[in-house]
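Starting off with a structure, shown below.
Naming follows writing order (A, B and C), and every chain is counted from residue 1.
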Amino acid sequence: VKKMLDENRLFPADSASRSMAVRLYETVRDLPIISPHGHCDPRWFADNEAFPNPAALFIQPDHYIFRMLYSQGISLESLGIPQADGSSTADPREVWRIFAKNYYLFRGTPTRLWIDYAFEKQFGLTERLSPKNADAYYDVIAKKLETPEFRPRALFEQFRVEVLSTTDTPIDPLDAHKAIKASGWKGRILPTFRPDSVIDAEYAGFVENLQKLGEITGEDIGTYKGYLNALRNRRAFFKSMGATATDHGHLTAMTADLDAATAESLYGRILSGRSVPEEQKIFQAQMLTEMAGMSVEDGLTMQLHPGSVRNHNKNVYEKFGRDKGADMPSPTEYVRAMRPLLNKYGNDPRLTLILFTLDETSYSRELAPLAGHYPALRLGPPWWFHDSPEGMMRFREQATETAGFYNTVGFNDDTRAFLSIPARHDVARRIDCAFLGRLVAQRRLDEDEAFEVVQDLTVNLVRKAYKL
Amino acid sequence: VKKMLDENRLFPADSASRSMAVRLYETVRDLPIISPHGHCDPRWFADNEAFPNPAALFIQPDHYIFRMLYSQGISLESLGIPQADGSSTADPREVWRIFAKNYYLFRGTPTRLWIDYAFEKQFGLTERLSPKNADAYYDVIAKKLETPEFRPRALFEQFRVEVLSTTDTPIDPLDAHKAIKASGWKGRILPTFRPDSVIDAEYAGFVENLQKLGEITGEDIGTYKGYLNALRNRRAFFKSMGATATDHGHLTAMTADLDAATAESLYGRILSGRSVPEEQKIFQAQMLTEMAGMSVEDGLTMQLHPGSVRNHNKNVYEKFGRDKGADMPSPTEYVRAMRPLLNKYGNDPRLTLILFTLDETSYSRELAPLAGHYPALRLGPPWWFHDSPEGMMRFREQATETAGFYNTVGFNDDTRAFLSIPARHDVARRIDCAFLGRLVAQRRLDEDEAFEVVQDLTVNLVRKAYKL
Amino acid sequence: VKKMLDENRLFPADSASRSMAVRLYETVRDLPIISPHGHCDPRWFADNEAFPNPAALFIQPDHYIFRMLYSQGISLESLGIPQADGSSTADPREVWRIFAKNYYLFRGTPTRLWIDYAFEKQFGLTERLSPKNADAYYDVIAKKLETPEFRPRALFEQFRVEVLSTTDTPIDPLDAHKAIKASGWKGRILPTFRPDSVIDAEYAGFVENLQKLGEITGEDIGTYKGYLNALRNRRAFFKSMGATATDHGHLTAMTADLDAATAESLYGRILSGRSVPEEQKIFQAQMLTEMAGMSVEDGLTMQLHPGSVRNHNKNVYEKFGRDKGADMPSPTEYVRAMRPLLNKYGNDPRLTLILFTLDETSYSRELAPLAGHYPALRLGPPWWFHDSPEGMMRFREQATETAGFYNTVGFNDDTRAFLSIPARHDVARRIDCAFLGRLVAQRRLDEDEAFEVVQDLTVNLVRKAYKL
């Protein structure tokens, strides 16, 4: 059978490490996918409608793809990226042709690995995408999307996803999740409590969001106590809907531990709409500590994703809105920033706090030393720009010697691109096998241990950290 | 034939990657050299006089060499480094003996690779330099330097340099460039517009430089408008002399987008000679944005080299002046710093802005994410201390997955050491082949693609980015 | 013979690099151990008493071990870590069982390499530690510890330690060192002058320490001049006791060069006990420069270990005190911070100043460029969290191309865990051989040079830098 994907892709080039990697991979290749953090739309699984066309499936939801095309002068309009006012006029087949013509731009990127995997494994396409075969590709994919096997629920089952967590705002009534439950379908889709929209005073619609939070919970958000109770209330609701985790996307990792009166007064300033940026930062810092405290109470695992400078490109933001490939990483400090929270809750075994970073310099300098000491801390996998073969290898090389394997939590695909999920997990498994294969080849780890570790990295650590 | 240089030097040690690297290298080894950024003296090619002696050729212009010798306690005086007052008394043969005696210090450094290459390829010397053969080396080199084949123009042709750009201040009348043109010699030596000396208020002779800028252009540099017009005027002159690019060496990557009145008033403060450092920084920041605007107008590619703390060693600076191996890198932030400029011009396809760094942590955290989004941005090759085998490999490993290959611009030798140019390009080509060889061996890239990419990295991307 | 340790562990996985590494290693494996910086207790060698039990030997003094166990929820009490009040009740055999049960946590860490080495080489244990063999292990080790061969002096000789430096406060009368000398035993145990306790105003007992410093020297520490003389006096005493070096553990690498009156007045503030943190920082910065000046006078090599945020975990600190695995690295800047000291003494060949870092980003960006220029500077080996196979390899890869090998100073074990010393030096030698093996395989270094370099890295550079 003709193949585009090599069986041994991503394994080390030297034969000793490679042969060990191959043997390890055979034991994890077919394990179920556990996806405890990501951005799939639960509505897909509630409605179970066909994806409309190849461009809508592959290109328009995937900022990795359209940011690269944009960087080379291709307009977002021509790619059919919806504008902030909802308009989008590009013909999907034309979008696909642009993509095919520029597919060479993705050489050496993880996007190429993910997309080729989906083409071959899901659609049986084994000739590299090019301008010549663009239309043929489009037709094959479009046709398959019309079949029952390519409906979201069928794909979910075909991918052998054991759990898929979404990311949801506290004021979301979780209707899609309710509909999934009500439908009787057995796919396990869990919400995640992500309260940025009611904590970050710069978030679009912040004040309205707070009002809704008050209404939906019946709490008086006019007081700090009422506000905290409202959050507690929604956490409980999310938990009742299956959530096992919260998630927090802050500009920095700053935490605070204010006394009650100061916190109350600060909340008053935030609520007034007249707060200055410095107050907003401290409020966010305080809220991370409050959230950790609530996690100690209710057992929800806490995730922190700091360090993204959002909407860097003003033109793109004004025309197309959020999440359009224009968020940029920023240097992020953890040791001093996390101290207030860690001194309050870091020694508490009831808390699991998973730290992520966009600043790889923190792996060996701050994150591994912190996670190698505090019982409450775990390290999330390489995130976003670093969710890539070289990025994952750097993470293992830079974090393992201080934090070990057992202060990490397996892989997150963290994607909006549903079709890429199996490919992303496959890349992660291969890189873990490559790393372990080298450790065995260099006699830094015994073979029997490597087989145990690779199981832990693939399924056991994620189940434990996220309480799945 | 006896050889000092191994044919397969710098390729990966494992056979799968190595054999692919070898095959790739065969297709680029003999391509012409394109050198769009460097510090060769155009006078060499205008006058075409013989280089005076081996020490003056190899040691005294090369701060990589004399900084290493200095770090081990060898005085700059003993190496014949000219002092600020012009004096220099060391006997060149004695200087050469010191170099030979200490050649072991360069083990594991790129300097060693560059020098050995020149020894063998240009002078036929195939025994490693040592105290024993120091005099013999000196005699062979000195004798060859007297021959017509070793005149600058002959070497330029022998090296197969297609284009060589120099770096020139706006108040330079470019007489050497004029003389080259007038001579009828066909070597393509292009000036580059580098206005630091009339933008950085701390630059030695800043106020006099401004006066000269006014005189040479007939513009009234007493006003901001006149000052900007004077710069525009000189850019046009440089362009008429063949320049395709500008270059900017700032302490940080900070940019600003001030309103007209504020900029005008700030310029007044700068011109007054009474500005404080903070004002000077903001003025430089503003001028980067102005320069980007002029590049949009006139099409000159813009280069930014930030992050060097110049003249760190006060004693050395006072006695020997600038560029004596005592400049030190500094942490450099880009995401926030570049925002004003990028929001103004970053989406404009008429601008090509090439970013360099001395802070490798920015590759994966800031530079690749920025260049993988903004149409105007490209990433320059590893610079200065990072222009080395390991440094280049880190750049490819850390930037490619997010920026791809096509947001990079090929190699710069950036040197004052003319003889090292072929060696430097050879090292860069070998490392690119090594990187691509590994990608193919790990099946992350198809063979036919690797052959295309290596051509692009060697000649096509540089021609496009620098409009050559 | 059954073996737990593979002969070729840690060497590169590809055969070309590996076979060269093997040949290099054979020439340094059996060289004596030179340990110029560490934290062994000189009392061990003065008293030469048996180590009490396996837990007291391996676990309780080794923060690498108990921090990892603590990070996974195992209490320090259960590990018998002594509390600040001196109490400790855990049964050593129970502690050992906990360790054995959790030995899998150390997979992929240097601790695992060090411990396995000691088990096999010192105790003949060749089956991996596990819950099943925990008691048998305990019994074997406990029994051996009772034998004369396992007394500190016998181990010192068996390990072939040529020199072992301790770390001592200026107010320490060095009684243990005197007792060693008086005993006639020939083991070379040298003190190191580490004055943090009389320079850092936040150090516990700072004011009392100053009083003692005055008493022990007869100098008037009420004046800055008297204080400096007291330090000079103690440096001379340490030197008379064999010390060849000082060591300084500061939060940052900041240095200052204040005029005499300002320094005097600042000292007055410090002495008053009413100084604010900013003053304390500047005082420490000034004292680094003063210490460098004294090193110029007395020839003691100066070491600087900056960047550790001490006692990060308030609970652990209050209950268990210092050095309990809760110190965390912090981003550290050197180029601007070191400038005052370097401009005063950096060109002086009488000074040897060895820089360490917990911030790996500084290797290629700041430390190698500085050490590749200033005659007084040398780079210390990877420190603490970075004293590991991957950490050492990163150091060589990131520092060598700019600083060369000859601006480095060999290996430091820097440990409180005496039994781990041979293992730590063995890992360092193996990684140096692995790095050099690759350079030879890639033809970046000739074979004969690699054999010379590996001798220099193992014994010659350390002897020279520390004047041993």
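In this text, contacts are C-beta pairs under 8 Å (C-beta built on N, C-alpha and C of every residue); 3 or more make two chains touch, one makes a residue touch a chain.
A quick note: this is a predicted structure, and the numbers were derived from the prediction, not measured.
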Interface residue identity across copies chain A, chain C - same or different by half: different
Between copies chain B and chain C, what's the superposition rotation on C-alpha atoms, in steps of 5 degrees? 120
Counting in whole Å, what is the centre-to-centre distance of chain A and chain C, each centre being its mean C-alpha position? 40
At which residue positions does chain B touch at least two other chains? 12, 14, 361
Within the complex, chain B is touched by chain C residues 12, 14, 16-17, 333, 335-336, 339, 342-343, 346-347, 349, 361, 364-366, 368-375, 377, 397-398, 400-407, 438-439, 441-446, 449, 452-453
For the chain C and chain A complex, residues of the former touching the latter: 5-6, 8-15, 67-68, 70-73, 104-110, 112-113, 128, 309, 312-316, 325-326, 328-331, 358-361, 385-386, 388-391
